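Naming follows writing order (A, B, C, D and E), and every chain is counted from residue 1.
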Amino acid sequence: MKSAVVIGRIMATRKVESLTGVKLLLLRRTGWDGTPMKEVLVAADAVGAGAGEHVFFVEARDASIAVQTNPPIDAAIVGIIDGADFESGY
Amino acid sequence: MKSAVVIGRIMATRKVESLTGVKLLLLRRTGWDGTPMKEVLVAADAVGAGAGEHVFFVEARDASIAVQTNPPIDAAIVGIIDGADFESGY
Amino acid sequence: MKSAVVIGRIMATRKVESLTGVKLLLLRRTGWDGTPMKEVLVAADAVGAGAGEHVFFVEARDASIAVQTNPPIDAAIVGIIDGADFESGY
Amino acid sequence: MKSAVVIGRIMATRKVESLTGVKLLLLRRTGWDGTPMKEVLVAADAVGAGAGEHVFFVEARDASIAVQTNPPIDAAIVGIIDGADFESGY
Amino acid sequence: MKSAVVIGRIMATRKVESLTGVKLLLLRRTGWDGTPMKEVLVAADAVGAGAGEHVFFVEARDASIAVQTNPPIDAAIVGIIDGADFESGY
């Protein structure tokens, strides 16, 4: 899993049928501590994430099983991050 | 998902049978705002995209489920981009 | 498979249902001899690994089959490394 | 899909059973206009390609579904390229 | 498929159950002509490869179908290389 912040969304009227009703969100990759990175990608939303929320997403075939219609997607948001506990000494 | 612009197509007479009737389009990767990139790839067309259209595509196994014959492909166009809404402040 | 050391964990209350009860651990990549690398990632835990343990994990679709609920994950810890035998002369 | 030119083949007597009878070809990656690249890989042949032919291949799980025995392969040649039409102006 | 030489093995007592009895070998990547590279990885053994042998392996989901218990692995040795025939002139 990788982490990101939601920065917008994509509008698409013509698309494959199983994508109907699937929200496509623009994400900016972040470190697990929230530090923003350069990479911007689009992922399907499986948890109801909103702009500015810190989320984690899966890529490739696993993305498809996160959404009920099993649409052809290769990235999906599967959780909202509450926080990260780094153990000291490692 | 990644975004691209359609720049041409590939002709192939000898191919695996499940690719019969599948349109193979040449794409140039773009940013989500439409900025063209260097990378050129070929993807199967699942939405009837034409030259110059701004599309988004999926890669790997997900590409195969976008086309009815489930052909052995690793990239498929699954939607035409109408626009992108970037939320300010993120 | 790649090797890593467990350095913490991620908390997430809102997430897809099949992730309920799945421990999400922060890993730092290491060489197979234990040398730490820069990359930090999050993987589901399928073996009960704890902080500081030297583990190996799988990526992509294979991660999902390591956990009973088949959640949408793309990295899973599948073993704890006891040691590595390097044959001399290769 | 990516394009390549066939530059040779691999011999292997001891292999997993589902690879029996599967031709393993050495490919040099090319651009879609035929320009040779540095990368050399091995792919299973699903179309009867010969030395010097300009082909396109799929990678990852999709490769396996291109060959009848569904062998554990991660690259397969699925078509011979007749030509590429680049639309002007994009 | 990629090529490698077997340089050792990994010991792991605590692991997911489907990995019981699966030999995990340390590989050093090589070119198809046998030239050693820097990258070292671990792959499950599906052909009974030994130290010093020149092998080829598959990655991602395809690795899993090479081993009877379908364990969560993302790399598997599927053949021993006898030799490579490079066609002259390409």
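Keep in mind that, in the parts below, contacts are C-beta pairs under 8 Å (C-beta built on N, C-alpha and C of every residue); 3 or more make two chains touch, one makes a residue touch a chain.
What you are looking at is a predicted structure, and each value in this text was computed from that prediction instead of being measured.
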item: Any chain that touches chain C and chain B; value: A
item: Geometric centre distance via CA averages, chain B-chain A, whole Å; value: 20
item: Distance from the mean Cα position of chain D to that of chain A, given in whole angstrom; value: 33
item: Interface hub residues of chain B, defined as touching at least two other chains; value: 60-61, 63
item: Order around the closed ring of chains, commencing at chain B, then chain D; value: B, D, E, C, A
item: Contacting residues of chain A [partner chain C, same complex]; value: 1-3, 31-32, 46-48, 56, 58-63, 65-66, 76, 78-87, 89-90
item: Touch list for chain D against partner chain E, complex; value: 5-16, 19, 24, 26, 28, 40-43, 51-52, 60-61, 63-64, 70-75
